[in-house]
Structure formats: C-alpha cells, structure tokens
Amino acid sequence: MSGIEQPFMLADAGAGEGDAALVQGAKPGEEALYLELDGWEGPLDLLLDLARRQKVDLRQISILALVDQYLGYIARAGALRLELAADYLVMAAWLAYLKSALLLPKEEQEDPSPEELALRLQLRLQRLGAMREAAARLMARDRIGRDVFLRGAPEGLRTDRKTVWRSDLFTLIQAYGQVKARTAPRIYHVANRPVITLDSALERVSAMLGVTLEWMEIRDFLPPHASPELKRSALASSFVAALELAKRGRAELAQEGAFAPLRIRRLKNSAQARVEA
Amino acid sequence: MSAQASLERTLEATLFAAEEPLSVDALAAHLGLPDPAEVRAALAALQRHYTARGVHLVERGGRWHFQTAPDLAHLLRREKEQVRRLSRAATEVLAIIAYHEPVSRAEIESIRGVQTSAGTLDVLMEAGWVSPAGRREVPGRPVVYATTPEFLDHFGLASRRDLPGIDELRASGLLDPLDEAMEAAMRFEPDEDGDGAGEADENLAD
Amino acid sequence: MSAQASLERTLEATLFAAEEPLSVDALAAHLGLPDPAEVRAALAALQRHYTARGVHLVERGGRWHFQTAPDLAHLLRREKEQVRRLSRAATEVLAIIAYHEPVSRAEIESIRGVQTSAGTLDVLMEAGWVSPAGRREVPGRPVVYATTPEFLDHFGLASRRDLPGIDELRASGLLDPLDEAMEAAMRFEPDEDGDGAGEADENLAD
C-alpha cells in the first residue's frame, strides 16, 4: 500500500471504545453536543449503520453515497468535542480523499486504486455486519440462567480418597534400630591412615639422589609395593621433598611441559658447596 | 430390571446430582464402567425419554447435563436477572472469537475497527466463556483466544458447528482474512468490461 | 398436550430448578395457579412417573423436591482406595510406640531426638495402628499412645512380645551406628530401585 491506510485504528487509548468515553464524558448540560455519536463503537460502526440504512444487502451499497452520508453526519455533529471525536474526523478526512479519488479520471490513479480501497472498505463493513448479526443471534439463544435452568440444588458427586497405609515388620524394627543407633551416645575416632611424612620422604629422596648423578623421575622415588593410598601420600610428600631439596640448592628439577614427568637430579657441586660452607 | 434400564437409572441419578456437565468418559470413569459405547447408548435413550418432559437432557461440547425445557423459560425466570448483561463491545468481541477462533486481539480489533479495552476481554474470561489458547507463531507471538466448553454450555450449543449461521458465513468467505477476501474479490471482478465491473461502477457512481 | 401433562412439565421444571423444597402453596403461587388441588394431583402423577427412575420426587414435611433414588446413593459418594507406604518418620514413631507403649508424645520425641509433627501421629491413628490410651498422671496429664490389635494383625505379630529385643537387633546389625549402616546401605542400594536410598533421604530430611 502506498501510504494510504484506512484510518480504522487511529482511535487511541484515550478515546478507547468510542461510545463508552463519550457517554462517560456527558454531563447534563452538554449532552446535546455529543449524544450524536453515542451508541457507535467507532467510525466503522457509524459507517456500518449508515450503510444499513441504504440497503439491506451490504454487498450492494454505494460507497459514494455512504461517504456523503458520513460527511454530512459529521458536519451536522460539528459541535462535537474534538478530542473525543478525533477518530471520527480522521475517518471523515480519509473518506473525503477517497471520494475525490473515485471521481478523478482513471488514468491518474495511483496504486492501490480508489476502487480497491472502496472495495476493501465494503468488505470490512460486510465482516463487521456479519459479526454484529452473529452476536445478536448468539445472544438470542436459549441461555443458561435466562431461558433454561440447571438443577437448583444438585447433591454433587464426591470421590472420597481413602488412604490405606502399608508397612512391614522388617521396616518397623529397622526403624527402631536406627532410632536407637542415632540417639545412642557416639564415640568418634580418627582412623590411622597409612601416610609417608615429609621428613621420611626428605630422607628417602636425598638418600636416593646420593646414589647417582643421572636424572630420575619422581615416581622412581615412590615405594614400589605400596598400596594406592600410600602411593598417593608418597607422591605428595616426595614432591614437597624435591622442592625442599631444590630450595636448599642440593637438587634441580625439570619438567618438559604440563603433566609431563617431573625429573629430579642431584646438583654436581652440592657436596662441594656443603664442604665450603 | 434390564441392564440397559438399570444403566439409564444410574446415569440419570449421576447427571441429576452432578454440579457440572459430564463427558461420556467422565461418567464411565465415575461409575466404573469399562465401555463408553454402552454409556453413549444409554444417554441417547435417556435423552429421548426426556424430550417431551419439563427437563431435558442435552449434550454441549461433548458434555451432558440436565436443564429445564426452553419453552418454560417464562415460568422460571427469576425476578432478578441471573445472566450478566454484556456490553455491546463484549458481545461483538465474543462473537468474533467464537466465529474466528483462535484469534488474536489485533485481529479482533481489525474486524471491529476500534481498539478493544482491556476490560472487555476480561469480562469474557471472567464469565468463563473465553480463554487464552496459546500464541500465534508470527512476529510478536501474540496470544490467541478461543471459546471454552462453558461457552457452549451457556449458549446451548452442541459444538461450534452449531453457531448460528456459521456455515453460510464460511461459504461466503466472511470468516476469511480480509486480504484473502480482497484477492478473491479482485480475481472475480476484472477491472474492465464484464458484468462484475459494470456492477461495481454502478455502485461506486451511484 | 393435556392441561394435566402441561402442568406436570411445569412442576417438573420448577422443582428441578428450585434451590430448596417447595410447598404446594408456594408452587401454586409461583405458577399463578388458583387451585392447589390441581397442583397436588399433578405432583402425585409426577411422583408416580419417577418411582421407577433414578431420581425420585419426594415430599418431606409438606415440601416437595427431587432427589436421587436412595438405592443409588452410593454412586454419588464413591470411595477410592489408595495404598501408601508409611513414611520413614511415621515408621519410627510407630516403632517407638510399639517398643515403649504406653508413651506420650514428649517421650516419643525424646527417644527419636527430633520433633514429631502432629500429622505423623494422625497418620498412625488413621491407619488404625495406634490409639490414645489414657493420660499419664504427671503434671500436664499428657495423652499416652499404644498400639492396637490391628497393628499386630498388619505386622503379623501374635503379641508385642514377638518384637525382637535390643540384643537381637544388635546381633542382626540393626543397631550399627547410623553412618556405617548408611554406608552399607549405599553400597548395596545402587542395584536396587532406590527404596532404601529414598528412605535414607527422608531420614536425613527429617
């Protein structure tokens, strides 16, 4: 569409549902001024009502006549409060434009053509009209509480849930046992775990370093037949021992990269250094 | 008493006592009956029995309940109206939702040509006739609305197919989106010569 | 339709929709009928019609109303049984009562070492395994609880003396400190479907 939108949705929150706002705004003295628009749900609704007065069948209405009727109506209701009637006025302006476009020679038409716009308006009116009729027919049906009635005092259906509890003897005595165990006075003791202390690791590593000048991997210092737990402890204490020896200047450490084997070697001059000291 | 008659009595008592309409499945489950077909047959028989009486057995959206015969409305109507009076806006919005569901608020507004105040949808939802029914998978993912089983109950509709005039409306394309209708109209009414164009001109020039 | 049949329909609908039983006079007034005798006759006919049905028309103290047939009352109030396992906490409380009865709530709590919710004792009483057994004659006169014959039935005990003693519990490992018992449980549980693990959790959450 080339910027020519039909102004149906211009009514803003302020105006809300046109007629409600108008009715609310009405005070006794001013009533006559804008009662004119009372009862319409916006400009499309007013158009629909005017169209209905033309002919019964909305497919046969004359758009030009409708435009004239609308503009005439708005002109007669000229004393409307402007802010409330804004959307009606916007519609009037658009319809005036549509009318002039419809009357112009066809060659000068832009796209969409005024005929297309007129057809669109007509289809919208048909749709709104159809829904209005449907609503009326719906409301006229036999409605509960108005035309048909339900049982006044139904007894109601109830489903009572009854719980059947289940347990067994073993669970019972086990529970008792655990209560007794839980509440019995407790004695805590710390288990004696197999560890290699830093002191003994230091002794062991420096003794082994004294044997050779070659690089050795740190895992060579671990006791070969130890349990996995003891091995972990030995690895930790041997590592700290190696650091300690390096700090004292008695050994050097090397590692190719992260997680590569950590190697350790006695410093050649360490014995001498000690002598000099 | 035959098994069928006994089942009819049972269903009659259950539906009389029930506080809300019950589906065949709910009835079968409540009564511990394994065969819903049996229930359906008995309901049909029961419905026939009540046809001429002051109380009718009706099915609404797959759920059954008893209600008074519509022709007795004038005798039963209470002094104070029990039915909430809907504003014109609410009535229209309800019809648009019922005939177009599921439908978004923007779509409702485009049909009505006015904004719908928040209160209007609230009133319909509070009445229990309309409820949100998911979102449309288009930009903005707008909530769409649809009618509820209570809507069918209240307006005495066996199903949405029962909506007054819905077949004609559908056949005439009045429930299709406006753009589709425009396209269809343009296709069938070629601009230049031809009957259609003549009519259109006539209308417009009137 | 005869006048009598028409009156029957009207009465049927009115009594169906009424929120309370209605007297003959009230019915006659409501329907604008000058002759209560007519109403009475129609009510009698209506009552006969419903005699064999699932709903009856009954007169109570001069006022009429519909109600479901008495022999179908069980349909309106159904009971569904649901089997549930006793919770860990309730099992503990039950065990304590069984071993120490009669025992007050405060005593149960002091043996368990945790507070016992009121609901736990309720469950045991609902199950029928525990009942109040008088009051202890100490300040505050607390209610004491004891097990019931149903308790013995359910747990397959001839008498409370059949419960294993503390020494036997210890011999079967049931008095092991909790950590070890739990560790042992955890070692064996993974293969099973977590019954024991669930209990352990419950226990911890207590």
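Chains here go by letter, A, B and C, matching the order in which they are written, and residues are numbered from 1 within each.
Basically, contacts are C-beta pairs under 8 Å (C-beta built on N, C-alpha and C of every residue); 3 or more make two chains touch, one makes a residue touch a chain.
Quick caveat, the model's predicted, so the values are computed rather than measured.
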### Query
Which chain has its C-alpha centroid at the greatest distance from the C-alpha centroid of chain A?
C
### Query
Which two chains are joined by the greatest number of C-beta pairs in contact?
A-B
### Message
Need the CA-centroid distance for the pair chain A / chain B, whole Å please.
### Response
32
### Query
Using CA atom averages as chain centres, what separation in Å is found between chain A and chain C?
43
### Query
Hey, how far is the Cα centre of chain B from the one of chain C, in Å?
41
### Query
Where does chain B touch two or more other chains at once, residue-wise?
14, 16-17, 30, 66, 68-69, 76
### Query
What positions in chain A touch 2 or more of the other chains?
149-151, 155-157, 159
### Interfacial residue positions of chain B with respect to chain C in the complex
8-14, 16-17, 30-31, 52-55, 66, 68-69, 72, 75-76
### Query
Can you name the residues of chain A that touch chain B in the complex?
8-9, 11-13, 16-20, 41-45, 60-65, 87, 102, 115-116, 118-120, 123-124, 126-128, 130-139, 141-151, 154-157, 159
### Task
Spell out the residues on chain B that touch chain A in their complex, using ranges where they run on.
14, 16-19, 30, 56, 65-70, 73, 76-77, 81-83, 86-89, 91-92, 94-96, 98-99, 109-117, 120, 153-157, 163-166, 169, 174, 178, 181-182, 185-186, 189, 191, 200, 203-206
### Query
In their complex, what parts of chain A are in touch with chain C?
149-153, 155-169, 171-184, 186
